[in-house]
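In the two complexes below, chain A is the common chain; its partner is chain B in one and chain C in the other.
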Partner chain A sequence: MRNLLIFIVGAAALITLPHFLSFSQQEILVFLTINILLVSSYRLLTLTGEWSLGHVVIMGVGAYASALFSKELGLYVPVSILLGGIVAALLAVLLSFPLFRMKGFYFLIGSFAAGEIIRLLWKRFRDPFGGAKGIKGIDPMPDFSIGIYDFDFFEPISYYYLSAMIVAACLWILWRIERSPVGLTFHAVHWQDKLAEASGVNLRAYRTLAFAISSGFAGIAGALLAHYIGTINPNSFDVEVMVFVLTWAIVGGTGTFYGPILGCIVLTVLNEIVLRELGFEQMRPLIYGAIMILSILFMPKGLESVVQRIISRRAKT
Partner chain B sequence: MLSKIAKTGLTRRTFLRSTAAATAVGALPRASLAADKVIKIGFLAPLTGAVAAWGKPGLDGCEIWAERVNAAGGVKLADGNYMVEFVAYDNEYDPAKARTGATKLIREDGVSFIMMLGGDTWPGVQPVADKTGMLFSTLLPSDLSPDTTTLIAPTEVHPVYVVTGVEWLAENKPELKTAVMCAQDDALGLPSVATYLAAFEAAGIEMLDEPLLFDPATTDFAPVVTRLISGNPDIVCLDTCYSDYVHPIAEQLFQQGFKGQIISATADFYDQMIAKTSEEFMEGFIFNFPDFDDPALNSDQINFDDPNGFFAEYNEKFPGQWGAVSWEYASIMDLWKAAAEKAGSAEPDAVITAMKDGKGKHAFGDADWWGKDLFGIDNALVGDWPVVAIESGKATIKEFRNMPAWYDKHGDLLIKHMKAYDQMWDQRS
Partner chain C sequence: MTTFLEVDNLTMRFGGLTAVDGLSFKVEHGEIHGLIGPNGAGKTTTFNMISGFYTPTSGQVRLRGEDISGLKMHEVARRGVVRTFQHSTLFAELSVMDNALVGTHMPFRPNIFAAIIGWDKEDREGARARASEALEFFGLDHLKDDLAGDLSHGHQRALGMAVAYASHPDVMLLDEPFTGMNPEETRQMMELMRKLRDNGITILLVEHDMQAIMGLCDKITCMSFGKFLAEGGPKEIRNHPAVIEAYLGGARHVA
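Up next, the complex of A and B:
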């Protein structure tokens, strides 16, 4: 009953939220929603103990694939988005063969190299990837009506509702995976790899599975982004963007499901809304960096540790 | 019900009307503004990051422009005088942030005109421009296409102006016979590569190698330069590299003992380059963006108001910050102001109609609206452009050269190379 109540209140809050925001904040909300899926999918990979520097490029694979499916093959955009996720997952499976011959730091560097190769391929092959300029004029999500609401996907509110529904569904799947025996095995692969292996767990297969699943959802995030802004280029998925994803995960904490989401929300609101509104337009990178350093110094376990402290304090009282 | 609210403003006119009304309501509490009528102008460019050098100095120049214009009574429209206020949004050279910024500037700030750097960011903004009918400007005409009817390139016709430097070199230093080129592999670098190739071919200068395209994430330019000068070229062309690349490349050329000619579209903060290399090394460096204290800018053909005074004021307020774009956005504002005053209105439709009525008052002289061949639309203002050389540590205008005249002679070469790099408007995906 309590959970149902929380769900209803949460859903109502998410539905009404954009109506309290300005137009530009609604735009930021759309990107924030997509980035929540990106960072949550990244966390699934980190469950196995591997940190990748290619996750944003994989997101780009989904974006490029979906854009090309809709633009070149004329596929219906929702189908393209789904296929974008599948292509990203399949590519991850392919990449896993060389990458999972490495572990830890070596995997990190290997994933960066793999990502850069993919980005260079996008630049090198102007047909079909558009080269350095990327792809423009990507088909938007077709407008439709459900009677009580007309979805016009130029408007950020409409796209927010669409992306929120898709992201919510994806997060639920990610949550279920983490709570399933497969998810528990991911944890075992990270923390007790020798024991897990001795128990018959195929470490490499589970790492590949986590990599493919997380890549699939990152691909969906990329496809959602592509069909909203209508353009993508290799620079949209460079290592600078990856640093943001890492920052969200580190500042939020990766111990809990909500940690990276919290990091993503807090840092995006801080960077895109608070600092801009306060007039620190050009000093944002400096202030953002300082806040990051301070949070790592004083909150080494991330923002999630603050939430956990509050919850445990309440439980005691 | 909700859908009806969300649908509001879907046509251009109703959209602009509702936006203006919303802005007016939002502005009500600010009684101080009531006395002076204000026109807001959007500045949507990178103010942070690697491309900030082509945004921030332009905003600084605009602030000086606004102070001067406001002190002189503002913009004179049919219903009175308006003070000008700039509203800036840092798009970080990211199309998604550019879209957010355009939305904010139009729907929240109620701007009448938006200036952009363009490039990678324009495709993110284009749907907003199409939907709202807002007038935008870009410094990069390669953003233009037949669909971009509300986008103008009224100051910098990048990269066509780079031909002037090559043409001048060929005439004044005929002993230079061979060249090599490097550029970042992006939307800014590639059309420039194609244009330089056409200019070198037209000038009879042989390219020793294919242009060396490097990734924009490159930070170590030693191997790039080593490969570049391995064939002992007479000329090293730095294309339209960002200043973050021009500086280390020049430094590497100096350290690796290059003694030949350097040509580049820009040489922002060239004093720093001289400090990192030497005055002798930088002597004769050719580029296309003058300091505005140059006496050549006091000639009658120049339409930029008081360039020497503008330069002095800029350097007083922002010492060491003068760059290629410091005057460009201000120059666009000159054109916009003249057009708005001619139309008697700041409405985008009226302004663009007035602006394109006859010759345009480009900063470097009267110019024509041009571009159908290259961009599919005559929305670029093209005329004379200066060739600048560093002499005794100071940028000096050597000559003004006419771009349409070059194009009339060698346009086929430009189109050939543009096509080879998929840079014609009908080739852009």
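Up next, the complex of A and C:
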């Protein structure tokens, strides 16, 4: 009963939220929604203990695939978004063969190299990837109406509603996976891979599974992005964006499902809205970096640890 | 009639060092079989080869006549041979119940699609029931919500065995199960192992606690410097001249 109430209030807040924001803030809200899916999908991979530096490039794979499916093959955009996710997941399965010969730090470097190779391939092959200029004029989401609301995708609000629904569905699936025996096995692979293996867990298969699922959802996030901004190029998915994903995950904390989401929201609001409003246009990266260092120094377990402390204090009183 | 578990001419070399050299022995179904030897005799290396952790340099491990040497650890486990580890190798960050649930991975193989839709309710309940059963067997059910890392040493050892037991093994390979246990815990654990044997589980164990080994094992294989030394019941081994020599040093060395 209480959960239902929280759900209704939360949903109402999310629906009314964009109406209080300016146009540019609405656009940031769309990016934020997509980034939440990106960082949440990243967390699924970190469950198995592996940290990748190629996650954003995998997101780009979904974006490129979806853009090409809709542009070259004329597929219906929602279908191509889904296919974008599937292509990203399949590519992850392929990449897992060289990458999962490595663990830990070596996997990190290996995934970075794999990502750069993919980016260079986009630059090298003008047909079909458009070279360094990328792909322009990607088909937007076709407008449609559901009776009470007309989706007009020139408006960021409409795209926010659409992506929020898709992201919510994806998060629900990620949540179900984490809470399932499969999620427990991911944890087991992380903490004691030898003991897990002695219990009959196929380590390679589970690492690949986590990598494929997280890549698939990253691909969907990339596809959502591509059909929103309409143009993508290899530099949209470079390592700078990856560093943002890492900071969201680290500042938020990866111990809980909501940690990275919290990190993403807090840092984005801080960077894009608070610092902009305060007029620190040029100095934003400087202050952003300082805040990050401070948060790691004083909250090594991330923002989630603050939330957990508040919850446990509530439970005591 | 093929032997249940047979180690045949097993050899393991690490560079120039021959850790296990042409070792052969047989484990009968439903027995508690001890593997002993002085430090550095190659007992744990042998264990690692049987469980698939190492690939032997040469030789075979046969389970019901099938060569299982060189298979990966999870493939060996799926054939019913489940091991525990020296020290307290556990999922310290997970609860005791979750540890046992990982142990049920084989009988209740998780399916990701069923898990998302929620069609695996019966499997989840079955896995919980099996995990509870394993915890109860080892007397850990009252601790099931604690973190495994917070348990006492004796309980951690028991949990390691509960994780292995939860997977319905045919053979349990126990690597020094009594290390760090007090005499009372050792006595209880021996009782549990006899119960496991009576349930049809074959046990192969490496152990230094001679009292436990002698009181528990149906058959003992002794090895020294990687080689087979002697085999027999506890009484035979206790009085075997070669074994006494290996442990205490031969008369000619002393003289």
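FYI, the second predicted complex is superposed on the first by the 317 of 317 C-alpha atoms of A that agree within 3 Å, B and C clash if a C-alpha of one lies under 4 Å from a C-alpha of the other, contacts with A are read in each partner's own complex, and residues count from 1 in each chain.
Here is the rule we use: a residue touches a chain if its C-beta (ideal position, glycine included) is under 8 Å from a C-beta of that chain, and two chains touch if they have at least 3 such contacts.
A quick note: this is a predicted structure, and the numbers were derived from the prediction, not measured.
Legend: residue contacts after superposition of the two complexes on their common chain; A:Phe23 is shown touching chain B, with no touch to chain C.
Of the two partner chains placed by superposition, only chain B is touched by A:Thr231; chain C is not. Legend: residue contacts after superposition of the two complexes on their common chain; A:Val39 is shown touching neither chain B nor chain C. When the two structures are aligned on the shared chain, A:Ala132 is found in touch with chain B, with no touch to chain C.
Once chain A of one complex is fitted onto chain A of the other, the partner contacts of A:Ala188 are limited to chain C, with no touch recorded for chain B. By the document's definition of touching, of the two partners only chain B reaches A:Ile157; chain C does not. When the two complexes are overlaid on their common chain A, residue A:Asn202 makes contact with chain C while staying clear of chain B.
Looking at the superposed arrangement, the partner reaching more residues of chain A, out of chain B and chain C, is B.
Shared interface residues of chain A (contacting chain B in one complex, chain C in the other): none. Within the complex formed with chain C, the chain A residues making contact are 173, 176-177, 180-182, 184-185, 187-188, 191-192, 194-203, 209, 213. Taken together, the chain C residues at the contact with chain A in this complex read 51, 53, 72-74, 77-78, 82-85, 89-94, 98, 101-103, 105-106, 108, 110-112, 115-116, 118, 120, 123-124, 127, 163-164, 167. By the touch criterion stated above, chain A contacts chain B in their complex at residues 22-24, 27-28, 31, 120, 123, 126, 128, 130-137, 140, 145, 148-152, 154-158, 225, 228-231, 233, 235-236, 238-239, 272, 276, 281-282, 284-285.
Partner chain A is touched in their complex by these residues of chain B: 1-4, 6-7, 10, 47-49, 52, 56, 88-90, 93-96, 99-101, 103-104, 107-108, 120, 123-124, 126-127, 131, 185-187, 189-190, 215-217, 422, 428-429.
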